[in-house]
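Listed next: structures, encoded as structure tokens.
Each of the two complexes below includes chain A, the first together with chain B, the second together with chain C.
Moving on to the complex of A and B:
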């Protein structure tokens, strides 16, 4: 990475880390939510952006992470860290068992299958006594937003470093090869099944950790909110808006879309959803490969870039 | 000399269609075997069965004397079976160099774990096929002939013992065809056996040690190029009855 860019990233990181001391309580809460969404987007980036398997079910891992922390802390009186590990463990079991089956599907079928899994989890967990069934669980309160903020930021840094590591590793090249041409990848010696499961696990681990942090932060969870299906759409839109298959894209996407959403909600409340939808449609038409692609190409091709994209959609 | 690669009684059915019918052949070390036949004869199907992309309905494949019919494609690649595709699909998200590096990272024996070393090996393969100057370009920017060479380079980076080439000369002009023939001969000189599917008869005649002809999924001739191409059955297969 070029030194100037590295410095900019470090400066941004320092600024982000300082927010809990510089900003208002509202800003910190907005920050925690945005950071956790960025983690989800980055996690999705691994399985969707780099491997090309657009999962609509990462919310399952988020929910498993949430419940892992909740059950460990409420039912077994274990510390938070252990809860996180338990939540990650649940995620890994899920990824290795059901993931293997679901990863045999491609493209739209994979997306539908993962979405189905996400829907089913809510129903299953609602019937488990240990998880508090429909009523849910209430965690011991910890009123320390600063801690949660820094935890979320730390997790985002970890996720981003992992993605960066992918771009320079044999494993990452394997994933990209699978995305671009899975049959060709197999013929070149890549164990595609193993790699897909590993990528799914990685995405799941980060999603589970995000869920665990979120659960402890808001101290309450029930099946509906823990396995929130809308998270899937959010994380995908953010990753794709920012630039799937890039290192910083999902972060930029998460931050910018959260900000836009927040602005719209506070200023145009009644039709915020409509405006947000319009933003997304415009993004898909004008910049289908995300902001990262704009940064790469517009300096070279200028406005033609947008005209080309519009034409490609045959509007 | 025992065969490096052997296919015994390979048969492949797709629902009602018999794409391959009891085809057997052997490939010796450092041999160039040409595989020809009219369109739809089953050539690509046969190669897919050898590379592991398709499973045969009947029959077996042996590599260095050991059966590999049950092995998935990636394991065969690790044993040393490399393949190019007829419809070239380079990895578009990667540069030309990195496309080839994938071959070096994952080829025979599991490939090379270090990316830097893999890239060096990739560079050597690109030079070998004559694409050295295009290393930094994006793969989609290469024209047709360039892509064909890229396919070759990718397969070579895997350090194969057997190379399966699916129509590497299609769409090339005379000069380009001669260049590809040179490259393939250089590959054989490295000790690699090559199975070449080709439609350009003139090219495959000069290149191959032996020819194998498929027609409607059956082997109709096998032997030295001069004999095979004079065989009336072969001529009839290409030009139709009454022209032999």
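Moving on to the complex of A and C:
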């Protein structure tokens, strides 16, 4: 990375870290939400952006992370940190057991199978007594938004550093090879199953941690909100909007879309959802490779960039 | 034993409806290679159209089906021609996401226009039923089942014996070869998507007479349609019919023996099982 760019990133990070001491309560709460969404988008980036497996099941990890924390704290009276570890453990068990089966599928099949898994998990958890069934669990409150903000920021930094590390490691190159041509990658000696399961695990760990932090912050969770599929869609849209398969793209996508949707929903709630749909449609038609690709190409080609994108994919 | 017979009858009646739901999805998927995640939302729209036709104009939901189907065919043709044809050659993930975007838009529009209330189409015969030995057959459900069977078989004959049907099947097999034989793909894709939506709206009208409608039913209906397409395969409407009946019976049995909250788990569990054990579908080719 060029020194100027590194300095810019560090400055932005310092600014973000200072927000809890400068901004209002509303801004801090918006910040926690946005940072956690950015973590989810970054986690999805590992399996969806780099490995090319469009997972609709990452919200399962988020839900498992939430329930890990909630069960540990409410039912077993353990500290928060232990709950996080427990949640991550649940996520890893899920990724290894079901991931192996589901990751054999490709394309549409993988996407829908993970979507089905997410729905099945909601129904299963709402029938488990330990998890509070349909009613959900109420966690002990901890009114310290600054702490949650810094935790979320730290997690985002950790996720981003991991993705950055991927882009310069043998493992990361292996994932990109799988995305571009899975048979080719296997021929080159990549253990594709192992790589895919590891990527799924890695994505899952970050999502589970984000879920755990969110559960303790909100202090309440039920199966519907913990395994919410629209959350999974949000992380995909943010990653795709920003630029899947890039280090900073998902973060930029998460920040910009959250900001716009927050502005809209504070004025007109019902239009905020419509806006999300319209953004997806427009983004897929005009900029299928995300903001990151625009930044790279528009200075060179200008408005022709959008026309070229349409030309490349139309019938 | 009587209970089991009744449950099986319920499952079969529901399964016929499921088959019509999946028919449009399987057609569009097989020919255009687009998994239309907005399919369930279009079913929902069809249900609302039928509801308004019945409530405001007094048109019986079964007689209104051709009207809603024609309207939705137009919507589908325009949508494919104006929007989806722009991305149809993009990677599969992009087409998946764009139809998801449509699903979000339709759901929120429905919420704005129709409100979130539950609606049911209640024709005068809604409460009637026939007694067939130990089994009770609700009239509305039975009609819906008959229409579903007629539509499925009609679809099968249409694909086999009409010029448009042959063109659609040829395009599904090999786009380039079909083009060489004079098929204009932009028009044909739009026709196919239009037919897919017409079937979705018919399914919606039938659904509205046997169940409750609200703006949020779309996603789970898409998932069910997908499961049925996987089980039944994409190239034959009769396979879809078998898939629909199978899923209906599985759901009915699950509701009886395990519990109603597990009905959705059962259908999605079947889907996962099929995908993992035999990814090419239980009957025939799937993709």
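Convention: the second predicted complex is superposed on the first by the 309 of 315 C-alpha atoms of A that agree within 3 Å, B and C clash if a C-alpha of one lies under 4 Å from a C-alpha of the other, contacts with A are read in each partner's own complex, and residues count from 1 in each chain.
Just so it is clear, a contact is a pair of C-beta atoms (placed from the backbone, for glycine too) under 8 Å apart; a residue touches a chain by one contact, two chains touch by 3 or more.
Source: prediction; values computed, not measured.
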| item | value |
| --- | --- |
| Three-chain arrangement built on chain A, chain B and chain C clash or fit | fit |
| Partner chain in contact with A:109 - chain B first, chain C second, else both or neither | second |
| Which superposed partner A:183 touches (first chain B, second chain C, both, neither) | first |
| Computed vertex angle (chain A) for partners chain B and chain C, CA, steps of 10° | 80 |
| Between chain B and chain C, more extensive residue contact with chain A | C |
| Which superposed partner A:117 touches (first chain B, second chain C, both, neither) | second |
| Partner chain(s) touched by A:169 [first = chain B, second = chain C, both, neither] | first |
| Smallest separation in angstrom, by C-alpha atoms, between chain B and chain C in the superposition | 13 |
| Set intersection of chain A contacts, chain C complex versus chain B complex | none |
| Touch list for chain B against partner chain A, complex | 51-53, 72-74, 77-78, 83, 85, 89-94, 98, 101-103, 105-108, 110-115, 118, 154, 158 |
| List of chain C residues in touch with chain A within their complex | 29, 35, 83, 85-94, 96-98, 100-109, 111-112, 185-186, 189, 219-220, 223, 226-227, 230, 261-262, 264-265, 268-269, 271-272, 275-276, 279, 287 |
| Interface residues, chain A side, partner chain C - complex | 54, 101-102, 104-105, 107-109, 111-113, 115-117, 119-120, 123-124, 126-127, 229, 233, 236-237, 240, 270-271, 273-274, 276-281, 284-285, 288, 310, 312-315 |
| Chain A - residues contacting chain B, complex | 168-170, 173-174, 176-177, 179-181, 183-192, 245 |
